[in-house]
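A, B, C and D label the chains in the order they appear, each numbered from 1.
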């Protein structure tokens, strides 16, 4: 019994066996198909023609994923840990909308949250390389979280002030019907999206808007600068992991091929 | 008497005591509530239903903040310095709009300038870390002020020329009713916001507009480059402040854990 | 016979002879003319006046390019290699649309794919310098392909989720008529393009849209950081190729003029 | 006579005397006033009220600048060099539109080209610092000109292809009335400006447009990376100009305070 459980665990959670690799590949194809079905079902003309088929498909996929979720829970050694991990929560959220749609019609379109499950794809592809790059990126982003938080909070304060200023200047007659809506406009402007659904009409409003645009255009440099500096450091650190197998010194340049202390050839990590 | 003043000063201006920490936390919650009230009051439907409540809340908050401002002035050692500091001015501006609204109706929406007071939040949160990151960022931005000024001024000259060129080419019949308005269009275009409230109609105008867009798209690289270079340097400098307590040498790499000269362990500054 | 073939090959494929240089220059002018003709032919007023001329020109250029393609195939040593190379395929695609337009009218506007042939221009201009810069850039981009792929895939998943969320919230009555169309909106928003052809109308939709914009505004930092770090490295590496002709060490700084080991003067590569 | 010429030359072209400094300051104020007058004249309501005043002001400024140009030509040692220098041409272009407007009405709004003369402002402000920063920036940009050219040309080719593809797919009935206009749309899209005056209507067109947006969003990283790498290098080089006055070695780190060879204190250049 336990033996079978261990075997299943290797197939479902690991990718180092051929069976595990095939399982992950099949899973991703099924996820893709289910996301695509939910998307196409939302197109009016297709819904009218194939609505019944999509309905059956949706329940089929949901039952399949429910079964998979149950098996995952059953085989995992640390059930709580899996259930509350990122992928565990995503797996649960991927099946809930269909059941919820029995109570609240329309929510089943949230099924596309299944797309998050596609992130497993990095595990299926040539593992070491992509996971390495992904973790390098994630590391750099995690390390900048505080700087980015300081930046985002300051920008939000600036946005609130620009928004309420424009509400006072332009007023409801020019589309700025409330401060929350003006703040929405300020976000659209400072992020340089610029829908144009609300735009300033008075000369003073256009002057303030110009200042908001210049601000948004200029401060994009800040998060970029923060992240770039971190990625540069992460990239260097990564290369430093080329450690010499002879003398164990690990402070080599990015383009070093021989240990600078003892001259032994360096084992290059997969780049 | 003076003793009580000192005690109050520690509570209001410092955050190293529990009372001071609690005071700041409470203050931020009250500020948030007052900003939220001003925002919601501007929504027409809410204003009609709860207008009276919002009016009372606004005066309540304003009197509270006026009291706080008075106490701050009373307890601070250097009154002039506080009154003309960034936070001192913000504290004053946060109470003025309500009094002004007695004379000029509508200005009380400027109360959202209180949002600026929220920047105190960095002081309440885990101090050392966030303040460190914030000051690192501020330092880097201060050091780039001259380069950014040169850049912004040059961009402004380019914008004026593009704007008046388009006024001559497109003319009032296509929405470019005056040079100031055309300059507004040029800012909307070069910052890549692109509302679309004014857009070129003639082929020649579209050609010039294309040039303006390419310019805006290309030169965003300049402030980004400036800030990134500074942040990289600031980051390095910060790490260099890891100085060895044994031999006082302070030229260590970002990832050094031991002094490279004497091998003593380095005290890592909170990152 | 073979002799003539070799001579032709040098003229057509190489640029180190005067004849080869002239041939490439003439070719680029003819390509430019043919692209321009296809463009102008699409303008309704010009088509009505000069339609016949454009038709003749198009067939003239196509026959000329067909002849050129045949000669290239004839003279090249490795015919398969040329036919399946990037430029070989572009050369073929540049003549197909005209022939196809006999079967499917309208497709001949795809002739502008000939613009891709213009990339040969880098070969004609001062060779070493531009090719060096271009290959430096290409190298850096190739080396970041995996990081960019990880980033783009993650962004796509985020876009799908934002898109279907907005479909559920805003619904068909506000322009979000299907999930694919909502995903199109999400792409327009997250890339900060912001046409405004579809824009959120409900307060909740505007809140979610604001989050999408902030996301798009913030994560632009990631590809920029990745590419910047790579270009910095590529730039350093390039400079390192200054190798000393005396002791063959090649680890010199960007501004080194003498070998740091033996003091011999360094041959600077054209920058 | 020559003596007077030399004195005038120092006043007009140099800024190291008090008279020269004052002259430049006065000049900039007059330029600002003249640009402002041209701008305000273009506002319909102001033109109707003060049209006569603006007309007189314009001729006044033009005659003044003509006189200044004549004096500059008269006093300069190398007349041809001045006349064909950047500022010489700008000075000429700043007076031509008024005279041209006698022949072609409307062209006098091009007077705002005078704004270019405002770039002289960097000379008036604390000289060394701003000129240093400006020249550092200019240097970095000049050094990247070839990489940027390669990038811009490649982007242009991509834009032409996206444009003609959309012309074939969407066609005149959806606003893509000709290939040049479709190329204008492609530029609006790839630079992420997104006016929304032309936007794809068919599903296939929206798919292609999405690809164009992702392209534009992604490749902004390239010029940013190029410029950032150059500015980093320029910044380092600048710091390297800290040369030791004792042993004349000039290869010091950015944060060096003592010469690393002889230990003499370094003279820090104004940062």
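By definition in this document, contacts are C-beta pairs under 8 Å (C-beta built on N, C-alpha and C of every residue); 3 or more make two chains touch, one makes a residue touch a chain.
Not measured: the values here are computed from a predicted model.
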item: Chain of greatest Cα-centre distance to chain B; value: C
item: Equivalent of C-D within the choices A-C, B-C or A-D, defined by over half of its residue contact pairs recurring; value: A-C
item: Inter-centroid spacing, chain C versus chain B (mean Cα positions, whole Å); value: 39
item: Computed distance of Cα centres, chain B from chain A, in Å; value: 28
item: Contacts with two or more other chains, residues of chain C listed in rising order; value: 180, 192-196, 216, 220, 224, 226, 228, 232
item: Residues of chain C touching chain B in the complex; value: 192-196, 224, 228
item: In the complex with chain D, residue positions of chain B that touch it; value: 143, 146-147, 149-151, 153-154, 157, 160-161, 163-165, 167-168, 172, 177-180, 183, 189, 192-196, 199, 203, 206-207, 209-210, 213-214, 216-218, 220-222, 224-226, 228-229, 232-233, 237, 240
item: Partner chain A, residues of chain B touching it in the complex; value: 35, 38-40, 42-44, 106-107, 109-113, 115-116, 118-119, 121-122, 129-130, 133-134, 136-137, 140-141, 148, 152, 180-181, 184, 187-188, 190-197, 216, 220, 223-224, 226-228, 230-232, 235, 254-255
